[in-house]
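The structure under discussion is supplied below as structure tokens; questions concerning it will follow.
Going by the order they are written in, the chains are A, B, C and D; count residues from 1 in each one.
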Amino acid sequence: MPKTLKHIDDVTIRFAGDSGDGMQLTGDRFTSATAIIGNDLSTLPDYPAEIRAPAGSLAGVSAFQLHFSSQEIFSPGDNPDVLVAMNPAALKVHLKELTRGGIIIVNTASFTAKNLKLAQYETNPLDDKSLRDYVVYPVDMSRLVAHACEDMGITTKTVERTKNMFALGVLYWMYNRPMDTTIKWLKQKFAKKPEIVEANTRALQAGFNYGSTNRIFTTNYKVDAAKLNPGTYRNISGNQATALGLVAASVRANLPLFYGSYPITPASDILHHLAGFRNFKVKTFQAEDEIAGITSAIGAAFAGSLAATGTSGPGVALKTEAMGLAVMTELPLVIVNVQRGGPATGLPTKTEQADLFQALYGRNGEAPIPVISARSPGDCFAAAFEAAQVALKYMTPVMVLTDGYVGNGSEPWIIPNVADLPEIKPNFFQGDEDEAFLPYKRNPDTLARDWVAPGTPGREHRIGGLEKEDGSGNVNYDPENHHKMVTLRDEKIKRVVEDIRPCRIIGEQEGDLLILTWGSTRGAARAALQKLLKEGKSVGHMHLRWLNPLPQDLGGILDKFEKILIPEINLGQLAQIIRARYLKEPHQLNLVRGRPFLTREIMDKVNELTG
Amino acid sequence: MPKTLKHIDDVTIRFAGDSGDGMQLTGDRFTSATAIIGNDLSTLPDYPAEIRAPAGSLAGVSAFQLHFSSQEIFSPGDNPDVLVAMNPAALKVHLKELTRGGIIIVNTASFTAKNLKLAQYETNPLDDKSLRDYVVYPVDMSRLVAHACEDMGITTKTVERTKNMFALGVLYWMYNRPMDTTIKWLKQKFAKKPEIVEANTRALQAGFNYGSTNRIFTTNYKVDAAKLNPGTYRNISGNQATALGLVAASVRANLPLFYGSYPITPASDILHHLAGFRNFKVKTFQAEDEIAGITSAIGAAFAGSLAATGTSGPGVALKTEAMGLAVMTELPLVIVNVQRGGPATGLPTKTEQADLFQALYGRNGEAPIPVISARSPGDCFAAAFEAAQVALKYMTPVMVLTDGYVGNGSEPWIIPNVADLPEIKPNFFQGDEDEAFLPYKRNPDTLARDWVAPGTPGREHRIGGLEKEDGSGNVNYDPENHHKMVTLRDEKIKRVVEDIRPCRIIGEQEGDLLILTWGSTRGAARAALQKLLKEGKSVGHMHLRWLNPLPQDLGGILDKFEKILIPEINLGQLAQIIRARYLKEPHQLNLVRGRPFLTREIMDKVNELTG
Amino acid sequence: MAKNETTMEKQLTRMDFASDQVVKWCPGCGDYSILAQVQKVFPTLGIPKENYVVISGIGCSSRFPYYMDTYGFHGIHGRAAAIATGVKLANPELSVWIVTGDGDSMSIGGNHFIHLLRRNVDVNILLFNNRIYGLTKGQYSPTSPLGKVTKSTPMGSLDHPFNPPALALGADASFVARTIDKEPKHMQEIIKRSHKHHGTSFLEIYQNCLIFNDGEFDRYTDKDKKADNVLTLEHGKPMIFGKNKDKGIHLAGNNPRVVSIGAEGQWSVDDLLVHDEHDWIIASILSHFTYREDLPTPIGVLYAKAQSVYEELLDDQCHQAVKLYGKGDLQKLMSEGDTWVVK
Amino acid sequence: MAKNETTMEKQLTRMDFASDQVVKWCPGCGDYSILAQVQKVFPTLGIPKENYVVISGIGCSSRFPYYMDTYGFHGIHGRAAAIATGVKLANPELSVWIVTGDGDSMSIGGNHFIHLLRRNVDVNILLFNNRIYGLTKGQYSPTSPLGKVTKSTPMGSLDHPFNPPALALGADASFVARTIDKEPKHMQEIIKRSHKHHGTSFLEIYQNCLIFNDGEFDRYTDKDKKADNVLTLEHGKPMIFGKNKDKGIHLAGNNPRVVSIGAEGQWSVDDLLVHDEHDWIIASILSHFTYREDLPTPIGVLYAKAQSVYEELLDDQCHQAVKLYGKGDLQKLMSEGDTWVVK
């Protein structure tokens, strides 16, 4: 039967299955193949807090969503067009979000009575009429992979494990993706187990063939390369980008990188990546807890390294005392918070933006620090790099806020030229041999104090957490000196505003409504903006990278719009800051559900407000 | 020579000497004697961060200021009228604040060349003309006490140690205070060392006699009892009052009190006091660190105790993760922060109000908690009591903010009648035997969940830090449930507003300017208000006890004044909250010097603003 | 079940301790066995069901309380010991069980762990030692052997591991024991011993994490290897082990080594070290068997001593204080010191 | 002094290590002696002055760095070990000294302390043990003996104290030693030994706090008592002590006890335990002398062993990685994985 090839612009696929079904990996592979084709893309992994909840259970469903397009895109997509459901539980959990009329590909072999019961289905949805509004492709993947690997003499369990590759193959056919990079990857990954490579390759091929030859599949699709900015691209996850950003800063500052950290979801991957960069002399230190993570980094900063520590919200909570120490000792330090659902342990594997207050205010005493947020996976590179720049220039700890979505999600990223990255000049003491060294003497422009690392002859000095005398840095309890130092530390952070790019509004430059975002919410907002502009709405979008200090010209920009809408995955933290700073009343959209906003939700809110 | 007795209304005395000179103790005794006379009073201890810095050094000066009056007073006084300086360093450090024309009493024996040098005096101030603007009483106290104890056969060192009692005696004469309570106290304190009692009593008596007989003292003063509210009074320090407030709440709630804490200046005294109440079944637990302090308290709360933990800013920093746990598990818990100078170790023995942001926002995720502040030493009792009430009623952690000044300072306090203290009904599960128990079912009014302690048959349940399903309290990762729970927790704390007394403005009820204060700044503000009203200014004063939630009627009150002035010992934390909440622009007075505001400073600012 | 009466009268069974929550560990995880043994032992201890409290930190193992139909508290990472201390001090009637992992108790929670041991609060620690971080997907832990290749140590870990029994002994523990997930009978017995001990009991349980550290304890669990690699301690008995009970521990000076006994004749039972639970030095020597390939791993009670118990001393002080100063009278307390009356 | 050249060439003296800050301990505090000995020893170690780093937590003792004219870091309470780890890992050339109190290192900082020991980072710990919290004005500490009456324990403390050498040994310390503030010569010698040890050296110094805990160590420092109560350890020598060198330590089974030697004849030197620094069991036995009234307190090196050092293994991995993958090339690193070009 002849097949039709359709050109389309934009597809969202969701892979869903049991925790053991390899959905994250399948998604990753599809993403890679899609990236290479040159589509723009955005991904959203979503996995349970348990390592492997009971097979077939609703709690054990793991999913990976991928949005790709021939246009520039900003979010992982609201509703999937295609749902790959490896078992009934996956279908049950994810069906409600599938686009009406969307495609469902299921592994029928898993629709056993037991699994149906585990998924709380009374009747088999493949047999009753409940899926009639969708295009369903029921495929007995288990049988087909068994067939494909028949003569290999490997265990049934091993064969069964390849069924995700079969599903991938079907989708490769359906969306015209090349299989070679996946096969190459399999070869590398399982270099020592050729039979695994073989089995998986066969399953992949079988899936592809099944799509191209089986009658039930009538159409496949072509999504052209997107017209992205020219450059060499790779696909990158946020945590990967953060790690690279730190290494890049260390190279451009010509300082060794020290990373002290304690594992925590969803931040651990930064540690994992950095631990692999020993040939850059990157020293990673898996500390006994978050306190040792940051205090070891403070020690390394004192010793002259570019020091960083990374964690998620509960870990930041434990670091707050030491952050105060870094403020008082005025040492450069990058602190990364890959935010997750809170409070407390909360939703450890889900995303949230509720640690902004903690970043800004979560310390005893007046302890201001600059705070930057990453807007997308690739932007984590720039955010980490800029944070290090500011830390080294102003001699201050800097907080980088990313989140679970940005940290685990991925997107195409233009690989920068090393030479184009700004050189970073740490604020080392520049005085000549005979100049007296005063550890708290400040650069008159930046107010940064001079940095001298132990090992430098003749400049021995002591720092610590007690209040410092201006200039000498000696311990000092004088009331007026304290006031002066509190004010100086505050002023120093205010001056970071000099390093912040002026605001850039996308869309209308003035008008009815400005969408104001920070962090990962930018994606959904930009996607919404595009559509709203097409609908002829008078809407602009302004995104904040730096939350402290705020850009100098922000006040003026807020004045240009009738209304301001701040969508946040919290109860209105940026909104409160804007209220306090500009005495303006923004509208809020606060949905705290452990996942990014949908484009539609922002559009609906804008429509409601501009109605 | 006949002496004159003058009636005066108001005196401020400052005792200053070496850390080893017993100035805190001397001040305490004078305070006691003054309280018994029925004066209103307010005290301000001020001691160095070192236990005993080198004798005679400027760093080693310890001071105690006492303001007493026949009128109601609110602050420890701006500038002392009398300075007792036991050595040159004490004179050097404190002279600049003495009222022009004020009295200086010095121990001449300590004005040796060595001590003068240590105090960085070029010439002896007693000999040069530098003190000509003051009334100086040079007394060779060392010689006089030696004389008084001549025949006792005790060491010179012991004798020398009594010279603070001599100084006290002089002042007792000068201000007509009775000596008997001091003598009684000496007998109790040194019950096992009668020779110490004897020596000190002799020194005290000698000082008194010296005043009454020596020619150089021509006048003494009488300060009548103040017309205070009727009742039985005692003098009380803030930390003492906090301890009593917690015990009182435990008695009125009929729950045992558990206090888990780790020592830290200036909060340790709460632990010390509570440790003495074992006959109330008060269980104090000196934990290994602040984290164990709070988590043990959370355990005790789970087990059905009234649980509390106390510390200062750096300790709170370490508790923030666990505070999130208490928010999520919705357990009653009182957290006391006796604020000190920050950031980091900062000024450990000085006061500050810079932990308000930390109290409100210093946690990961959306983790709102009620925050109450104590306005004066005696008010710590009520603040602690109310915090416990709210914690038990709403099933929530509550933060009590006091500070070093309020914690160590003291004032007369009306001893409440136990029967007048409200009874507290903990939110224990009330359902009957057969009613199913759902740990997260809420009281529809307060939204508090039901409390059931282990040991209760048939109501076994589990709690923890992961997000809870509404009602059942089971672990739940559902997006909509999370949003609901985040919102519910927020709403619950908002409802605490029902328990907050409406605002009360002192002074003008509307007009040019409202002074808005929180915490210990109330004293200086009220004192300033009194004077400003006398000057005919159109000024009111509104004091906030609860910082979260804010009283319902605050917005309306702010509207009644042209200008609002918020004096704070921080860089404007309440001001920012007021800006955000009411979109109003208050004026700020921010002096961060490790000590309370002076009345004059607030007056000056008001005068500047009301021109 | 009828409410508000203790469950003492009723004969409890294993099912009484199974909660309604689905157990969410990976199929085959060693944690299942520990859960089963605890559920089997609890009904036999003569404690009313409502008096059990199970408290944990964070980790795969720390999900344990959710699966027990007792009072339970899933705490925050590393703090189970401190939470449990608060629970027990507040109500010494309760039977308090701490469930923790090697990361939870030895890494972030190390300080609370050692302080709990020295205080000797009468609670029970069950340490699920899988020598890996399970829940965060496979970083090395403080009990992973030197050189361990994991996600966070791609070139191998650099730190010498903690030896849990040795650390516990150094922290003045009054009871130290070990068992293995795959030895259900032994585990039950030792859990009972832990319960009986007056003071903090520390029980290390070797637990296989089949996802991130499969096979770590194969030497001690594989059918054909375990007899030669596991030494089951019995108080007052010589230390004999081996498939044929033909091996024993001999102490040469202070150096323990394995000798063959029986047939070959060079060594006899009399040459072997005799286990004495109350001997701190023997316990220390045994603790040093950990990580050594040339020595078997001892299981059973390594050490037990009588020592005063924190919460009892605390309650004593409360009683003492009532005797000395009378039962607390709030009015009197508030009126202490100098007072005066204003009319 | 001329800048930017190492100070190696110059003969350093004690005064080179005295900073310009006024020392603010209470007159008579044991801390003064320790400061003096450190200032005397540092010039003799052959280390350029600029390579010394002194790192502390919070407490009276932790003010130490301010008084040393070296690089110094007065950290936050309990975290000196972690800060020092960062310093040493970042620059292994530095000679890193941790100054800490019994509260700082054993209470809030207990976890960092035990982890530092097991990692065996080549730094030196000087623990000023005064068995009290000095700076916060006299609460009991984790090394205060049971029943201690202090501000926070008016009826006596309830917890068994930590035994610092035992805890250190339990945490796999590679060097454990003890000295006394009032034994300046001995202290100097042991500070030198600490420095020489490759790996973390742990030196406990008994230090009198005359304000809040005066006399705690009188048994070991009073002229007429100390000889009978202090056992000075020497490697390879029998354990003899006493004013007349007529007492010794004999081991009966695993129980150490004091015996009289010489004249009375019942015991001879040959019956005495011979000190072996490398024997973990002997060190453990010696660690248990702490708090015992019937045994002398051992001072000197209790234990020393060779063990791999964390920061060296880390540097090795860096070199290894360069060998394996080439010197880090940022452009290459950023371009890893699948890439594609958009024109």
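Following the convention adopted for this analysis, contacts are C-beta pairs under 8 Å (C-beta built on N, C-alpha and C of every residue); 3 or more make two chains touch, one makes a residue touch a chain.
From a predicted model like this one, the values you see are computed outputs, not experimental measurements.
A count of contacting C-beta pairs for B-D and for A-D identifies A-D as the more extensively joined pair.
Look at the CA centroids: the one farthest from the centroid of chain C belongs to B. For the pair chain B and chain D, the distance between mean C-alpha positions equals 39 Å.
Distance from the chain C centre to the chain D centre is 30 Å, each centre being the mean of its Cα atoms. One inter-chain figure worth recording: chain B and chain C are separated by 44 Å, centre to centre, where each centre is the mean of the chain's CA atoms.
Contact with two or more other chains is made by residues 58, 74, 76, 107-108, 110-111, 115, 142, 155, 314, 317, 320-321 of chain C.
The multi-chain contact residues of chain A, meaning those touching 2 or more other chains, are 49, 59, 278, 288-289, 314, 321, 324-325, 329, 344-345, 464-466. Residue ranges of chain C in contact with chain A, taken from their complex: 22-27, 58, 60, 63, 74, 76-78, 107-108, 110, 133-137, 139-140, 142, 151-155, 157, 211.
Chain B makes touch with chain A in their complex at residues 48-49, 59, 312-314, 316-318, 320-321, 324-325, 327-329, 339, 341-348, 350, 352, 354-355, 357-358, 360-367, 464-467, 477, 479-480, 482-483, 486-487, 489-490, 570-571, 576-577, 579-581, 583-585, 591-595. Contact residues of chain C toward chain D in the complex are 107-111, 114-115, 118-120, 142, 146, 155-156, 158-163, 166-172, 254, 279-282, 284-285, 288, 307-308, 310, 313-314, 317, 320-321. Here chain C touches chain B in the complex through residues 1-7, 19, 21, 48-53, 55, 58, 65-66, 68-76, 79, 81-91, 93-94, 111-112, 115, 314, 317-318, 320-322, 324-328, 330-331, 333-343, going by the rule given at the top. Chain B contributes residues 32, 35-38, 181, 225, 228-235, 244, 247-248, 251, 256, 258, 260, 277-283, 285, 287-289, 291-292, 295-305, 307, 321-322, 324-325, 329, 415-418, 433-434, 453-466, 474-475 to its touches with chain C in the complex.
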